[in-house]
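The same chain A turns up in both complexes below, where it pairs with chain B and then with chain C.
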Partner chain A sequence: MKNNERSKSAVFLIEFLITLAVFSLACVVALRLYAKADSLQDNALRTDCASTIAATVAQELFLSGEDEQTLADYCAAAQSVSDGYSLYFSDSCTRCGQSEAAYMAVFSVERTEGSPALLNTEISVYAVQSALSAQLNDEPVYTLTAARYYPQMEVEQ
Partner chain B sequence: MKTRESFPIRINGVSLLIMLILMCITVFAVLSLVSANSEYKLSQKAAQTQADSYLADAHAQQKLMLAQQLAAQARGLSGDYLENLKTLLEQNGFGVVLRTGAVCASFTTESSGNFAVTAAICLYADGSASVESYSLKNISAELAQGDSSSLWGA
Partner chain C sequence: MQRKSSGFDTIVVMTLMCAFIVISLLLVATGANLYRAQRESSQSDYELRTALAYVSNRVRQSREEMTLIEQQDVQALVFPEQIGGEEYLTYIYFYNGTLNELFTRSDSEFTPQLGQSITQLGAFGFSVENGLLTVNVSSTSGQTRTLSLYAG
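Up next is the complex of A and B:
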């Protein structure tokens, strides 16, 4: 009788342990899948926001580019960095101060040699956790190269 | 007589419930991963498309600048300005049409990614110029159904 009860307990223990092992294993796999999905979704959001920021900066630059003074004012409003100017953007992809920034857009403005009427720009958007070392180490989230021609400037000259 | 013993580990209601929960967790995890992955791919594609369209536009802007520079060059040559300009534009790969008092040059930029810009600019004898048409075209095989738009509204 006693032997029979002991055997039943052992079987129950084995069954319980197997269930626990399978459950744990499945939970680990599911957690990894959720983590991977979360990271992919984060990257997707970051890419979307970075491309929106780059396009915004390009449009603003080209609107200011028609007039030398307006362009100089636009650049003066940005922070000067080693290879251009930087602007800060929040999580919602709108302009903000450095302290609330989630993204940093670094842009350069060049006039083509021999023709100042062609404005070339390269805009790189970095995630802000790496803002301080962005230009040294980290890859930008998104880079946009654009150019705009202002025929009236050529005529003026 | 010894009776045949059944398999000691039985599949009871609790085991079935646990299996059901596990299946649900796994299915939802996989669905979430698939959805996030497609979202990621879509965002990458959209970002690349934007970069390509801006690059195509940059090439077109350079071509417009070249046309204006050729006009300035033609002004410095002796002879008929419009005839000189026509020759210069043709030498630089523009499609040229001579109109009364103007030379109209058209071009299509080299494709960058899936995009190319087709534009036409008219250069007048008085030195002025106007962009007659400017369209950004998606030339990828699957989307080449006349999908075009103007980036700058020119």
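Up next is the complex of A and C:
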């Protein structure tokens, strides 16, 4: 009778340990999924903010591109880097200093050869933790390539 | 001796059971917190994105020059357009915690209460400087975003 009870207890313990093992496995999977979801969410927010910043820079550049002097002034107000010019933005996508920055937008701007009325720009937005190493080919969060045509410049030509 | 062994088994099983319950609760709490945080974040992002995408598309598709007005303590962006020889106006403004659109004939009075709600927002502001429209949007949870648009 006692042996029978001990055997039952051992079977229960084994059963319980198996349940725990399955539960632990499910925990690991769930935690990994939580971490993945969190990282995807962060990434989505960063990309969204970066696309807003790129759109803002493009719009400012296109407005400045109406004449050479304004464009030169706009570029002069930005910090010169090896790939072009850089501007710093906070996490609410407003312009700020380097110390408060959450994003760095690096842009290059050039007129198409033979058709100066066409202004081309490429804007890459980096998350600021990688801003200092942005020149070491860190992946940008978002890149926007855009062009704008100024018909009045063609007429002036 | 057998009694001691049986007592030890019970303690082990009870300990494991307690650990199981505590870890289960922690897992559920962590999951719930994460789900709530993500829901809030995506709701906030949805509000900001909807407002900015709506305003930027409206500005870009406008063929006639947009104006800014302030009537009845409400600031509005006004987009005129000609339909069948008649002039109509589209007002975009923030009223009662929502971004609204009102489409009327140009001779009708601006009545903010009649607008159609686009999305809920915490705040919505804009300014025009040197042909650049700057739109500031805050979500209901307080996140803010700024977009500049070429309004020439």
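Everything that follows uses one rule, which is that the second predicted complex is superposed on the first by the 126 of 157 C-alpha atoms of A that agree within 3 Å, B and C clash if a C-alpha of one lies under 4 Å from a C-alpha of the other, contacts with A are read in each partner's own complex, and residues count from 1 in each chain.
One rule holds for everything that comes next: contacts are C-beta pairs under 8 Å (C-beta built on N, C-alpha and C of every residue); 3 or more make two chains touch, one makes a residue touch a chain.
Source: prediction; values computed, not measured.
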Q.
So in the superposed three-chain picture, is A:92 touching just chain B, just chain C, both, or none of them (first/second/both/neither)?
A. second
Q: May I ask you to decide whether A:55 touches chain B, chain C, both, or neither, giving the answer as first, second, both or neither?
A: both
Q) Is chain A touched at more residues by chain B or by chain C? A) B
Q. Which partner does A:37 reach: the first (chain B), the second (chain C), both, or neither?
A. both
Q. Is A:18 touching the first partner chain B, the second partner chain C, both, or neither of them?
A. first
Q: Examine A:146 and indicate which partner it touches, taking first as chain B and second as chain C; both and neither are also allowed.
A: first
Q | First (chain B), second (chain C), both or neither touched by A:27 | A | both
Q: Have a look at where A:72 lands relative to chain B and chain C in the superposition and call it first, second, both or neither.
A: neither
Q: Could you give the residue numbers on chain A that contact chain B in one complex and chain C in the other?
A: 19, 23, 27, 30-31, 34, 37-38, 41, 44-45, 48, 55, 62
Q) Which residues of chain C touch chain A in the complex? A) 2, 6, 9, 12-13, 16-17, 19-20, 23-24, 27, 30-31, 34, 38, 41-42, 45, 48-49, 52, 56, 130-132, 143-150, 152
Q | chain B-facing residues of chain A, complex | A | 11, 14-15, 18-19, 22-23, 26-27, 29-31, 33-34, 36-38, 40-41, 43-45, 47-48, 50-51, 54-55, 58, 62, 112, 115, 117-118, 120, 142-149, 151, 154-155
Q: State the interface residues of chain A toward chain C in the complex, per the touch definition above.
A: 2, 6, 9, 12-13, 16-17, 19-20, 23, 27, 30-31, 34, 37-38, 41, 44-45, 48-49, 52, 55-56, 59-60, 62-63, 92-94
Q. For the complex, which residues does chain B have touching chain A?
A. 8-10, 15, 18, 22, 25-26, 28-30, 32-33, 35-37, 39-40, 42-44, 46-47, 50-51, 54-55, 57-58, 61-62, 64-65, 68-69, 72, 127-129, 152
